[in-house]
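The structure that follows is given in the form of structure tokens.
Chain lettering (A, B, C and D) follows the sequence in which the chains are written, and residue indices restart at 1 in each chain.
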Amino acid sequence: MIPLTHYLIFANFLFVIGIFGALVRRNIIGILIALELILNAVNVNFVAFSQNTSPDPATGQIFAFFVIAIAAAEATVGLAIVLALFRVRKTILTDEIHLLKW
Amino acid sequence: MTHLYDIVKFGIYALMAFSVLAAILAVTVRNLFHAALCFAAVLIGIAGVFLSLHADFLAMVQILIYVGAVMTLVIFAIMLTERFGDNSSPQNNSLTLAAFGLAIVSLIAFSTISVKTRWPIQENAGALHLSVGELAYALLNTYVLPFEVISVLLITTLIGAVIIAKKDRVS
Amino acid sequence: MTSYAYLIPVFPLLGFIINIFFGKFLKRGAAWVSILSSLASCALGLPAAYEVAKTGQIFSAHAEWLTLGRSTLSFGYLLDPLAATLLFVVTIIGTLIQIYSAGYMQDDPRFSRFFAYVSLFMSAMLTLVIADNYALFFMSWEVMGLCSYLLIGFWFEKNSAANAGLKAFLTTRVGDVGFFLGILTLFTATGNLNFTELESSVHAAGATPALALAALLIFCGTIGKSAQFPLHVWLPDAMEGPTPVSALIHAATMVAAGVYLVARSFALFSAFPSVMQVVVLIGTLTAFMAAFIALSATDIKKVLAYSTISQLGYMVTALGLGSLSAGTFHLMTHAYFKALLFLGAGSVIHGTHSQDIREMGGLLKKMPHTAWTFIIASLAIAGVPPLSGFWSKDEILLAAFDSGNKIVFFLLLVIAFMTAFYMFRLVFLTFFGTLRNHKIHPHESPATMTGPLWILALGAILVGLPGSPFFGHWFSNFIHGPVTQGTHEIHGSGAVHHALNWFVVGCSVAAGLGGILLAAVFYLGKLNPSVWVMRTFKPLYDLSIHKLWFDEIYSVLLVRPFLKLGQWLFIFDQKAVDGLVNAAGTGTVKSSNLQGWIDKHIVDGLVNLVGVVTQLTSATVRRVQTGLVQHYLLITFVSVILLMYFHVKP
Amino acid sequence: MAGFLPDWVLVIKSVLISIAAIAFLGPVTMMYLTLLERKVVGRMQNRIGPNRVGKWGLLQPLADGVKMLTKEDIVPTPADPIAHFLAPILIVVPALLVFAVIPFGRGMTAVDLNVGLLFFIAISSTTTLAIFMASWGSRNKFSLLGGMRSVAQMVSYEVPMVLSVVPVILITGSLSTNDIVLAQGGWGGLKWFIFTPWGLLAFIIFYLCGVAECNRSPFDLPEAESEIVAGFHTEYSGMKFALFYMAEFMNSFTISALAATLFLGGWQGPVLPSWLWFFMKTYVLIFIMIWFRGTLPRFRVDQLMNLAWKFLLPLTLINIFVAGFWYFAPNTIVRVLMSAGVLSLSFWGLQKLNQGYAPEKRVYQFGD
């Protein structure tokens, strides 16, 4: 009952906000949050398309499940890295971790 | 019943607006803990959007996994790495302006694409109800290979995360 | 019983689970768990095998497992004469060896772990035997590889054992990768992995090069697992494991799985005469080479190991000659007498705490049970009628004779002669004469060990009979019965035959008895010509005692080139580069006075110019490489947007 | 009335009635559960319990409520005001939401979702967020410790809890709470899932995990008075404090109600009206919770975690396999015996395996 386009625009908003967050956040955890936002935007698109255009409505949802699983895995590994990093360098701000800088 | 539909429709749009607002807060708020809470609000809003798309099971999984598990992890990490209420250092870096420009440009671009493309809409769009059983069938038959790959990925992640995060016994 | 066949591997698996998790609490009871689980498999497997033998029918059932695109993978069991034969071998020998191990491993600190591994191995082997498709076959194949690795390195405190385990694992891996690629090729070519439909799908696909490649690659699996040339090097080293393991895994069952694989894929192989020729070549070469090495080995288990390789080569040759029944028959008889030989060797080692046959002698009196069963097994392997080895070896020789390939036939005869010789060399050195090292105090082994020996000895005598003319070649009819109808015509020799070929029998018996006689002359009498032979044919002897230099060749082929390359580079560096540098240095010093002012004015100017340009460029370019993740992220996003723009615009 | 009012008003009216009923039921349940708990524990400790306000102290909860409402609302100066304010509200929301899918009686489910059970699990898992907010927002080390303990405990026990429900879903083939109750009808109550081997085990595990999820004794480490004052709600007073208590009591009610629904046949039962059966079963389970509190000492942290990860988790996994076997095996006595045998064997085995890992004596890391 709500047209597909509206869902897509909603997802666009989330996606773009996610990109913005991933670019401007200094804190790695903040970046992770932004990345999760991007993945969620993708999920919204998957489900909206599967509901509106796909002959098999299960496909989109299944892929949303996979995305959720991968997002969970990503969050786990990301946060483990954050903890390890914090233990070694006492900071998790990206612009203070620049060993590879010129 | 048209009025009821209107009310529900209005509710969904309100939910979307709420989610977008919370998302904006989540990437701009200075206090990281608040940002995480705002993100949780976004997730719940998205779960509501899934409900409006008749993806009940997915909505519940979204809440269970994202809010129940991923957010818990994120907040744990915040607690372990942040000093309480330390808002002295800025949360945003020097890229803010460029990122904002990029965001606006891509928003316009994507929205144009979304609006201008003629999507092949199915006739029964918006009224497809999927039972949990059908989902399970699709997951364990058509998509069994990705499913297995995901399970391998998860177990690898589990082990990897433990190994990365544990303290070095040697040193 | 046949409808419960899928339960056969389940019992050992349960035994494995119980032992690996609760072995700590079970202590010595772990042996009982394993033995009982094997007995349960026997109780299910033997009636099922009997059912197949009685009715001559094939029993199979399968369930769908995965849908991959358009084709489906199923898993299930297949009980045909081939599987029934292997069931008969594996369940009985496995159980007997586990009973034997209960005595042999008595004092080991990891007692329950040993039985857990053996149970897992039994489970995998039984799964492999009754598997009805390549996927399941390969899975159990790999589990067996794992068990083999674990058991070879069972005494991992010993460095050599750990290394041997690693070597076995890595060497067989080479073959396994080939096997896996072969399965994939087969699947791509025919879209079918089921054994029952293999023949029809091969017929449907026709003799394409892809299928020939698949057959060759699958044969790689056999080469690895059955220790054929050139991947045979792991098997002698595998003798570092406990002796029951050597008997069960590295003599009777697992290594025979490679032969079983060829037999299973017979429809595929027999469609390609050229592939069959490769199989014959590899088999004969392996058999001859291993027998040759066995002539001079002095470690009791090493002799048996090379003998195993040689006999496996025999089987592979038989299959390559197109005689399914002869190969399978020899597999069965060999499993019995070789398991017996290994267990006998284990008993000897247990009683003397030595493995060197030069130290032994005269054990016949001290260990009568071990000695007599060992002699029976040796007679069987030497092909003395009417023991089992005679009938199966005769079948193979007959197949070679019928194929018309005189060279192969002759070689096989020579190998038979060599086999008889080295086996009786072993027997005479170990059990006859007098004890050569007096620090050894031999004693007979306990009943849990001698009991299985006698039962296996009975088997070594009797299992040949079903294939003998007394029973009208029942076995070959049985094997050829329902499975390979139509295929046995291809080479003509695998077909049903009812008469003894007296020439072949004569040759075979002569070779066997001749070998025994020669061994007796060498090692029993006072003459002792062995030293003389050793000296006269020194090159040949060296070749044999150094195992044809295989380990050395491999180390040369793999290690030396890298070392050489390194040395060569070092020399190049020292001579050429350094020389050039020195020459340039001297030249520069000599001409520097002359060119001093040029240096100062032109060269320095150029250098400075280069420096300035570099600085200017890098000052601009370095802004790209900030080390900050988000800058890269920004660039990525912008690029993606641009790409999308250019993609959408036209 | 149908012709009198437009349709959509009717729909909204029925929705509102459901909401009102639940919103009323929750607090009332909570109020009288406090009384019940005080009475029962009092009896167990040879006391009488509250008996001054009204007959048998029946008006005591009202008096408590008035007291709570009139108390001063204290917010610590360094606290995070937003988180501190929102936490007590957010903790009540999921506790109330889950009432929606509980079938109180025949046709008495507020919202019969087809993913009802998952809804329950998902919504109750969000409680951790509110606890985080309370503990982080109070800026008090006891709050933070309590919050950490609480979340670690809830996350750990959620896993076996969810897995213990899986057999029920497997057998009924539905996630709707109503369908699950319907599947247990007939045979005069003998078809309740608790009368199957896997059901009994799943019930015990579910109930134990539920008690842990509510942070109730003997799993009350997050609020252990003798160790960390009052855990994550140390810094709360007045009505905010009452809200935390309300959430806790409502949680123990909903967990008991869900346990009754999943394993004790829900509202199924002879003679008596369905809702009465439901409440009887639920209150028996609540009584057992209170009984636990009256009898059992508190767990140690390592014992708590070991129980969840090394004992309950493998057991639930085995239970799922057994339920799968149950589903496919023919309906004979052999099925019952085999599943019971496997389960008791694995119970025994896991217990055996866990014994070896219990620490011999306590190690005081910072004791010197």
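Criterion: a residue touches a chain if its C-beta (ideal position, glycine included) is under 8 Å from a C-beta of that chain, and two chains touch if they have at least 3 such contacts.
Everything numeric in this text was worked out from a predicted model, so none of it was measured.
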| query | In angstrom, rounded to a whole number, how far apart do the mean CA points of chain A and chain D lie? | reply | 33
| Taking each chain's centre as the mean position of its Cα atoms, how many Å separate chain B from chain C? | 53
| field | CA centroid of chain A to CA centroid of chain C, Å | value | 50
| said: Need the CA-centroid distance for the pair chain B / chain D, whole Å please. | reply: 28
| query | Among the residues of chain A, which are close enough to touch at least two other chains? | reply | 19, 23-25, 94-95
| note | Going by residue number, chain C touches two or more other chains at 628, 630, 634, 637
| task | Please list all residues of chain B that touch 2 or more other chains. | result | 57, 61, 69, 76, 93, 95, 98-99, 102, 106, 142
| For the protein chains shown, what form does their contact graph take: line, ring, star, complete or other? | other
| query | Each pair of chains that touch: what are they? | reply | A-B, A-C, B-C, B-D, C-D
| request: Using the touch rule from the top, collect the residues of chain A that touch chain C in their complex. | output: 19, 22-25, 31, 94-95, 98-102
| remark: chain D partner, complex, touching residues on chain C are 21-22, 24-25
| request: Using the touch definition up top, name the residues of chain C that touch chain B in the complex. | output: 66-68, 628, 630-631, 634, 637-638, 641, 644-645, 648
| For the complex, which residues does chain D have touching chain C? | 349, 352-353, 356
| Along chain D, where are the residues that touch chain B in the complex? | 6-8, 11-12, 78, 80, 82-83, 86, 113-115, 118-119, 121-123, 125-126, 128-129, 132-133, 136, 139, 144, 148, 151, 155, 158, 173-175
